[in-house]
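Both complexes below contain chain A, partnered by chain B and then by chain C.
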Partner chain A sequence: MSSDEPRKPEDLGNQPPAAEEARLRRRPVRRQQETERHPEAARETESQRTRPWEEPEYTRPSHASEVTSEPQAEQVDAAAMLRAERAVTAMFLLSVLGTALFCFGFVFFSLHNSNYGQTLNLVIGAGLTISLFGLGAGFVMWAKKLMPHEDAVQEREPMHSLEEEELLTEELFLKGADELGIPRRKLLRRTALLALGIFPIPIVFALRDMGPLPGKKLYHSGWRKGVRLVDLDTQQPIKVGDLPVGGYATVMPEGFGSVNEFPTGPTMLIRLPPGVNQPAKGREDWAVGGHVAYNKICTHAGCPVGLYEQQTHHLLCPCHQSTFDVPRACKVIFGPAGHPLPQLPIYVDKDGYFRAQSDFHVPPGPSFFWRKSKTPAGEQEAKKA
Partner chain B sequence: MSVNPEIATRKTLRYVDDRLASASFLRRTFNKVFPDHWSFMLGEIALYSFIILILTGTFLAFFFHASTSELVYNGSYVPLKGVEMSEAYASTLHISFDVRAGLLIRQIHHWAALLFVASIVVHLCRVFFTGAFRKPREINWVIGTALLTLGILEGFAGYSLPDDLLSGTGIRIGFSVLESIPLVGEYAAFLLFGGNYPGQEFFPRLFIAHVFLLPGIIAGLIGAHLMILWHQKHTDFPGPGKTEHNVIGSRLWPTYALKGQGFFFLTFAVLAALGAFFQINPIWLWGPYKLSNVSMLAQPDWYMGFLEGALRIFPNLESQFLGVTIPWNVFLPSIVLPGLLFTLLGVYPWLEKWWTGDKGYHHVLDRPRDNPTRVGIGCMALSFYVLLFAAGGNDAIAATFSLSVNAVTWFFRGAVFIVPPIAFYFGKRIALGLQHSDRELLAHGKETGIIRRLPSGEYIEITTPISDHARAVIERRPMIEEPAPDTGHPRPTRGSQAYPRGGMVATAQRRLSDFFVERRTRALPPGRPTDGNGHGNGHGPNGDPDAGEPLRNPSE
Partner chain C sequence: MSRYTLVVVLLAVIGGVYALAAPRGHAAEGQTQKDAVAAGYQLFLTGCSSCHGLHAEGGNRAPSLIGVGAAMVDFQLGTGRMPLMNRGAQAVRKTPRYTQGQIDQISAYIASLAPGPAIPSNLDYKKGNLQEGLELFQANCAACHQVAGMGGVLTYGKFAPSLTAATPKQMYEAMTVGPENMPVFGDKIISPDKKLAIINYLMTQRSEANPGGMGLGRTGPVAEGLVAWTAGILALVGLCMWIGKRI
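== the complex of A and B ==
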């Protein structure tokens, strides 16, 4: 602490405790009450307690507190009070009925019936509602109609302490810090900060097994050269002629097992009418007789691009309305997606089954920071070319 | 044997006091005064919703299995018999169809979650527009902001757990959002999900976050929120006898305790009615989640709507350079935007303090009109929020009104920039107009609609003086020039040196201050005569110029 600190009241700390306590006295009323109570605090057993309320001359003190309350001079209408009391009673009885309805609902209605227990749900729900409503309305009406309206006034205490108390606390804290020597012992301070600062680093190592590193996982969709296209639901391989013109199917690589293993595997095989497809440069042989295959996972936020508009040949993502133009390499023509859906190059084998020429050439799915523009398959192709 | 209830009560209280010396504390607690106003119960609704969430959530946790292991459904819901699905989805079906009161409790839980976040938002609006966040309540404002954020996260976690088609889509989007974070995104996503999406690890983690981690933090913050509220005492609207130094209302015991208890039951009753009569999230209709499937018109719960809208209308920006990709189209609307919005919300008390220079204590609330610029800012923020929310349903709007979804999206892209400034202007004007009408009331009294003809042939309208309550409310309007309430002892404020000349920051502050403060209606001079009928008062050539237009910034 610097020596020119003007506010440091050395004298405060050296005063006798009683004086200090007097100085700290914040709520005189309460202090006084505590001292009045003090003799009682000395009693040791409960049997030594007096029971003043049993004395004949005992009168209840008017509520001793910081709160002042002036009950408003209202005309107490006895008949109205009686009506209110009856109304509150009726509410509580209503609640009893509701509780009964809840219980008996299970007796008279089954969970297992033709409408899957919907009736039971309605009955017990109504019972619970009535039961709770009766309780709630009863309590609120009791408070509003049967209690005298009062305007109790309570003083606010200032939301800060007396300055002496603030100073004393500051001094106490700073004195402790001074005793620790934090300002003085530079080396100690710095090494302590260093040790505390690097202390959390092991958490990173400890949490390392939360999951594997991404590695190349985001680049592989499960498709590879020569694998047949099978329908996702039936798992049957798809042949030329299975799809009508304008038809489409969601396909996976044959033998995929669970779709959860290949989250970017789902692919749309779409049969465009003849002459509609305008293949991009270098992709002339990726389609077979109007059949094109594009990844189904939206490049925006990963929803399946599930809506195919037959008339316009657009693929629409129902989550955020990204729209892809299928005949023009699934270019983004509307919505928030940042790049086209990757195309799967396909061919037809001698038996007429669709097969993949390779994996996708660009990484399928949404973008991420370290995303390379080509998958391993794409790089291979680029080398060949 | 009869028990005298009075003696029994005294004995109990003494038993406790002999061990905890609690009498003085209890007396102060019983005597605590709460001001009465309907809008002070909005926060209570949030508190009660949270309690109901804990109660119903515990029940649901008895039966829910947070696992994505695949199984074949064999419960009593026939349409899904034999369908492969995750254990999580199957156990949610079990709760809905095979557990007594399961569906009711599940629906109450979902409704309570919606109400929890909704009541926080409405409570926040009340606190904002009445200036209840001002000194000394800034800390509670920040805690409230944190509670709103956590409430939204908690709701999203719960909504995702049933693993139905809708909620699974939400998690998929969540994974993509994590992926979009520069530098660490894909690593964060893989660590959190235990590998590539969907993974086996994520559901147990989501479950423990939903039932332990988040509710634990929320409960702790609610505790702190209430303890601070308790300690600082509630704010109150202006009224007769109300000052910065007192609270007027009813005491905790017995009136307020009774009312509060009743209000809890009524809140519960409303939620029970919703759970009984209004179906919510019928997951058996959506079907189990399959990552290759999606449904039309997919919408999240309402509190995620503004993020969904931001994702939908954000342009398709994506940068690729130096071998890295930054998906602005996901990162900005779903990470940066909410981060910015909640940060601005959290620091608002200090922003306002900065541009008003008002460092004083405020226990008496503003009426919204008392601070027109704040009303404008609030309207601006709310209109932005509501537009994003509506944009989250652009497909539903397009389908309902047979519009092009592209046109609707373009409308929202423009509207989020154009509408908020307009909302600011109108909010501020309306507040100023209300101030103006208050002045009229004070000067002329209430109009009765009765026209009287004087013997001289002159017509006047009869007016009646306004009530003492209304007068006290209007006359109390705080002026920024008014010295801060006496705080007991001098405290270090920037005072006269608040706005030193020169320096860019000081200039900016001065300009903002002018913008924020100047356009207020001047308070009426005290003791102004009001003759009740407005005759010759502000009318005619000898009218009082003071009763006319609000004071304006001369530069305008």
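== the complex of A and C ==
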């Protein structure tokens, strides 16, 4: 019996020499070392072995150990075979047609016709579908109809390693450690640990080099004392009376240039109905009439909080549904935002234009690690409210 | 002849003489306007006053309508949101209960109470700049209404409605008066020309083709991914099982 021949399950128990040979071949390195170091081991016979884990207790089952085969109708009946062949051929020809349709579609339908390429998409999509379907169906039918049906039982290999292999690994590992002299050579052990220990430190430098630190930028938005509020879209300064009750405008500091320069600059100027606003302590003069100005950048993840509900006076962030209560200093009433929207103190100059009293008193935009948790007057009251 | 009959006759005579002698301002037009206001008031009494008060002064259940303007009335009645069917987070669009003629009459009555935004006329929105319309819509409207105007959710059960059924007039009115929780976009913030641009964008967009085939409500990649992964994969699995059974 040659070792190439698949073994049947009944062979597993009595371990003929060929099977043992095959088992040993699976660990060629180990076997070789053993033979080099102890030439006598190579001559060892089965009965002379003393180490129990080398006893041939178990052998991995071979693959495809049990096969039963039944002839197909198509293999017996020539007419059926012919029919099956024709069906498979038809599928492959269908695939050819689909491929042709794809090419045809690409050539004859422009992407720039009035339908924005809808026809093109449809035709090449259909072509590709038919082409792949024909190929797939053809091969499946070929295998199913024209190949002998076999029921094969294949046994799985055990999930764990063989006990002998585990023991060998352990032995090897301990032997290696011993040969290295880890317990004895203290100096080597310590310097190796030192070298390995400091090795990750360069990562810190690499991370630090990812960009300049933001510095004071996170604290400032581009607003400053006396700057006029201009509409983000028209860049026109906004006067008292421009906003109807229940209206709002997104405003920027006058002369802002580009929003990208002041990413936390966009601010909502909202006109509340008279008597609705409940200014927080210390913010009594931050609003003009019903006009209040709050930063538009969500304190959670920095989305523009543009959804203003004029009856409930809620500001909703579209990204994660953080909801801010405008009349009560934009307190967070729902959602993941951790801070109220910063309020911009405003006043009206003698010509009736809105101007900022100062920059925001707290850092606008999404929270950051070293943002001071101790907040100036106003925000804390707003939180408590 | 009783005393009451005398009073009635005398009143009728005085009224008639006054009517004949009274100065007629704008002749027929003024008269039809008056008629419209009177007819509108009657409709208001029947259909609206139980909530909004006998003189549109509002009450516990409904706001005052004094000063909301004809545009608000035309919008609310024209979209069928009023009369309210049931009290919920927000009124929904329904088939209008009134004809346009009746709506005009009620609008005339409300407009006669105090000045307010008028019903826009001659909305030549095709003149609006399409690209500007898109930009304005993205900046001011898309946060709530979604960039294709399909609507979106707000807080506590409220929502921004889909704009696919709104007429250009209703869109213009909505921007002018800010119905319910929609903010008011005054002419100083979004000028009439810009409003027309926004309307043009929305109207043009309705007739745009969907390049991928089905639009799936134009709600974006989430809906598309959901359909692809659930419907598409399920269909493929089904097909594989079918092939496995049949062949």
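Note that in this section the second predicted complex is superposed on the first by the 262 of 385 C-alpha atoms of A that agree within 3 Å, B and C clash if a C-alpha of one lies under 4 Å from a C-alpha of the other, contacts with A are read in each partner's own complex, and residues count from 1 in each chain.
One rule holds for everything that comes next: a residue touches a chain if its C-beta (ideal position, glycine included) is under 8 Å from a C-beta of that chain, and two chains touch if they have at least 3 such contacts.
These figures come from a predicted structure and were not determined experimentally.
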Contacts of A:199 with chain B and chain C, given as first, second, both or neither: neither
Contacts of A:140 with chain B and chain C, given as first, second, both or neither: both
Partner chain in contact with A:207 - chain B first, chain C second, else both or neither: first
Contacts of A:308 with chain B and chain C, given as first, second, both or neither: second
Contacts of A:334 with chain B and chain C, given as first, second, both or neither: both
Which superposed partner A:121 touches (first chain B, second chain C, both, neither): both
Between chain B and chain C, more extensive residue contact with chain A: B
Partner chain in contact with A:232 - chain B first, chain C second, else both or neither: both
Contacts of A:242 with chain B and chain C, given as first, second, both or neither: second
Chain A residues contacted in one complex by chain B, in the other by chain C: 116-117, 121-122, 125, 137, 140-141, 144, 232, 250, 304, 306-307, 318, 321, 323, 334
Interfacial residue positions of chain A with respect to chain B in the complex: 30, 33-34, 46, 49, 53, 63-67, 69, 106, 111-112, 116-117, 121-122, 124-126, 128-129, 132-133, 135-144, 147, 149-156, 158-160, 162-163, 207-208, 210-214, 217-218, 232, 250, 258-260, 263, 266, 296, 300-304, 306-307, 318-323, 332, 334-339, 365-373
Contact footprint of chain A on chain C as seen in their complex: 135-136, 139-140, 143-144, 152, 154-156, 158, 160, 178, 180-186, 188-189, 208-213, 243, 247
Residues of chain A that touch chain C when the two form their complex: 114-118, 121-122, 125, 137, 140-141, 144-145, 231-233, 238-239, 241-250, 304, 306-312, 314, 316, 318, 321, 323, 334
For the chain B and chain A complex, residues of the former touching the latter: 6, 10, 14, 18, 24, 27-28, 31-33, 68, 70, 76-77, 97-98, 100-101, 103-104, 136, 169, 172-173, 175-177, 179-187, 189-199, 201, 232-233, 241, 244-251, 254-255, 258-259, 261-269, 272-273, 275-277, 290-298, 308, 311-318, 320, 323-330, 361, 363, 394-395, 405-406, 409, 487-489, 491
